[in-house]
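Two complexes come next, and they have one chain in common, subunit A, joined by subunit B in the first and subunit C in the second.
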Partner chain A sequence: MKITIKYFGVIAEEAGKTEEVLELDSDDIDVEFLKDHCFSKYSLSDTKSIQVAVNQNMGASGPLQDGDEVAFLPPFSGG
Partner chain B sequence: MPKNGFTEKYSRQIKLPEVGSAGQEKLGNAKILIVGMGGLGCPAAQYLAAAGVGTLGLMDHDHVNLSNLHRQILYRESDVGKLKGEVAKTALRKLNPDVNLISIPERLDNNNALALFEKFDLIIDGSDNFQTKYLINDAAVLTDKPWIYASIYKYQGQLSVFNYESGPTYRCLFPTTTNQNVSCEEVGVIGVLPGVLGTLQATEAIKMILNAGSVISGKLKIIDLLTNQDQLIKLQKNAEQVEKVKSRGLKPEIIECELASADKLYLDVREPYEEPRPQNSNIISIPLNQLKARHHEIPKDRQVHVFCQHGIRSKNAIEYLSDNFGFTNLVNVEDGIQSILKEETHA
Partner chain C sequence: MPKKIFIQGAIPPEKISDSIAKHQSKTEIGGHSIFLGQIRADEVDGKAVTAIEYTAYEEMAEKEIDKIREEAFEKFDLTCAHIYHSLGKIQAGELCFFVFTSSAHRKAAREANQFLVDEIKERVPIFGKEIFEDETHQWKVNR
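Here is the complex of A and B:
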């Protein structure tokens, strides 16, 4: 299945991109697996405070569907 | 009673059906506290003062710095070194003498937050660190006040309204606290970014006072000025997080930690609020902007390891101290504080 991933803030810099489309062989992928996959792929830091939104819904978990959009959001501290 | 010229001053917004004379009166009765008069606080305060908000609390313990001016647009070069709240008060009084302006030259902390929040209707977050953002959240929950959150990173910003009519809070969005503050000083920021976000904060405040339109509660707006790819993400309330704050009250989140080496001498150039803060006695703490005044506290006769959060400010500190005060004994901790902490105390 195809998943669109969006990276924000410092993790976009670590990943070297703000967006990518992943083609995954399996149709049995959940949010947690995808997060682990992307975070180890780019050695992303500070995994604990990063929040995940699926199709613009924050805190989503569980299985993903073909065509889902997943966003990884770190907190910002600047002001 | 409305002052002379009142109707003319606000005529263009009174014309709007959402405002009208009744709305203008609501604005005139509103009391807003702005925590942090930096890049976010400056534009927010300007638009709120111009709109005729009755009382504005301008809270900042800090002084105007030359490097603030590209984004903190209330301040002039001649203001460098002066207290931000005082300068802001003087500038805003010229803009609109009708507004009751209160400068609060303190840092928000566990001792002053609740009593202060009680005096205002809503809070605007102009802070630049996680500790203050969590404190604003908790104090807002405990005093039952809505607050308008914004945060910035380089070209990106986040905006939401928390604790509004029992809506989600900051802890519902980011339940896991982090001490990885990334400041504008460290990574850079485009000057207009806090201008955009601070102006949106003022907009939400005005809507909340007027009860007009829909407030950005239960949603997180993410703005990217570089790519123009904005997002609006739905948030869920996490009742457990809210109850936790209500039952425990304000509590500092101290992350206990220790340095791996007790023999080396260290210089910490971070701001006093930055965490983690190791409790070792072999650390001299002098924030970057105080080095000029306090460089004599640093010994020259032994090696001193200089650290900050990520190793960038400490590098600049060493350059500055070497070039200006002849230090030759300073070593940079390149990977920042986490690399010199005892393994088990990594936060």
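Here is the complex of A and C:
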């Protein structure tokens, strides 16, 4: 399945990119697996503070569907 | 369709006076409340912040602000509410956040304004990079 991943703020800086599309052989991928995969791939420093949004919904967990958009978000600092 | 929130670059002070002027035809309004966020030249380890560069998860941020706006209309007796936030590099002293609420009476305008500012800071995926005078940077954390 195909998953679009978006990176923001300090995470984008550490990953060296703001977006990528992952083609995965398995159809049995969940948010937790993807987190571990990306966090270790880019050796992200402060993984505890990272929040995940799936298709722009915060706090998502569990299995992912083909075509999902997953965003890794550092602490918000607008305003 | 969410309302347009983001402005590329600083919010010009003229935008505030234009917004006020546009409300003069709405004579049921008795009070406005305005919050303006300005870039502060914080000092960290002897270095001054000269600018903040803002990025956002724009589609999600616009939806979330729309949701917060709807919550404000449910909670408070508002006539209208307008919200603008900058993206890109904003210099110290320039405006980056503009929240404008209007109501028949002052209390609702004020309380709704505070609600919007606080909720947006907490719930909306906007990210600020503080840039120092020597070109180094750190990622801003809201307090």
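Everything that follows uses one rule, which is that the second predicted complex is superposed on the first by the 75 of 79 C-alpha atoms of A that agree within 3 Å, B and C clash if a C-alpha of one lies under 4 Å from a C-alpha of the other, contacts with A are read in each partner's own complex, and residues count from 1 in each chain.
Criterion: a residue touches a chain if its C-beta (ideal position, glycine included) is under 8 Å from a C-beta of that chain, and two chains touch if they have at least 3 such contacts.
Note that the structure is predicted; figures quoted are calculated from it, not measured.
Visitor: Determine, under the contact definition given at the top, whether A:6 touches first (subunit B), second (subunit C), both, or neither.
Guide: both
Visitor: Should A:56 be classified as contacting the first partner (subunit B), the second (subunit C), both, or neither?
Guide: Touch partners of A:56: subunit B and subunit C.
Visitor: Per the overlay, which chain contacts more subunit A residues, subunit B or subunit C?
Guide: Comparing subunit B with subunit C, the partner touching more subunit A residues is B.
Visitor: Which partner does A:48 contact after superposing on A: first (subunit B), second (subunit C), both, neither?
Guide: The first partner, subunit B, only.
Visitor: In the overlaid three-chain picture, which partner chain does A:78 touch, first (subunit B) or second (subunit C), both, or neither?
Guide: Both partners, subunit B and subunit C.
Visitor: Name the contact category of A:16: first (subunit B only), second (subunit C only), both, or neither.
Guide: So A:16 meets neither subunit B nor subunit C here.
Visitor: In the superposed arrangement, what residues of subunit A touch both subunit B and subunit C?
Guide: After superposing on chain A, subunit A residues 6, 8-10, 53, 56, 71, 73, 75-79 contact both subunit B and subunit C.
Visitor: Once bound in the complex, which stretches of subunit B touch subunit A?
Guide: Listed in rising order, the residues are 36, 38-41, 125-130, 133, 150-154, 156-158, 173-174, 176-178, 180-184, 187, 189, 194, 220, 222, 224, 227, 229, 231-236, 238.
Visitor: Please name which positions on subunit C make contact with subunit A in the complex.
Guide: Residues 37, 54-57, 59-61, 63, 85, 96-97, 117, 120-129, 139-142.
Visitor: Write out the stretch or stretches of subunit A touching subunit C in their complex.
Guide: 6, 8-10, 12, 53, 56, 71, 73-79
Visitor: Please name which positions on subunit A make contact with subunit B in the complex.
Guide: Going through subunit A, the ones touching subunit B are 6, 8-10, 18-19, 46, 48-49, 51, 53, 56-59, 71, 73, 75-79.
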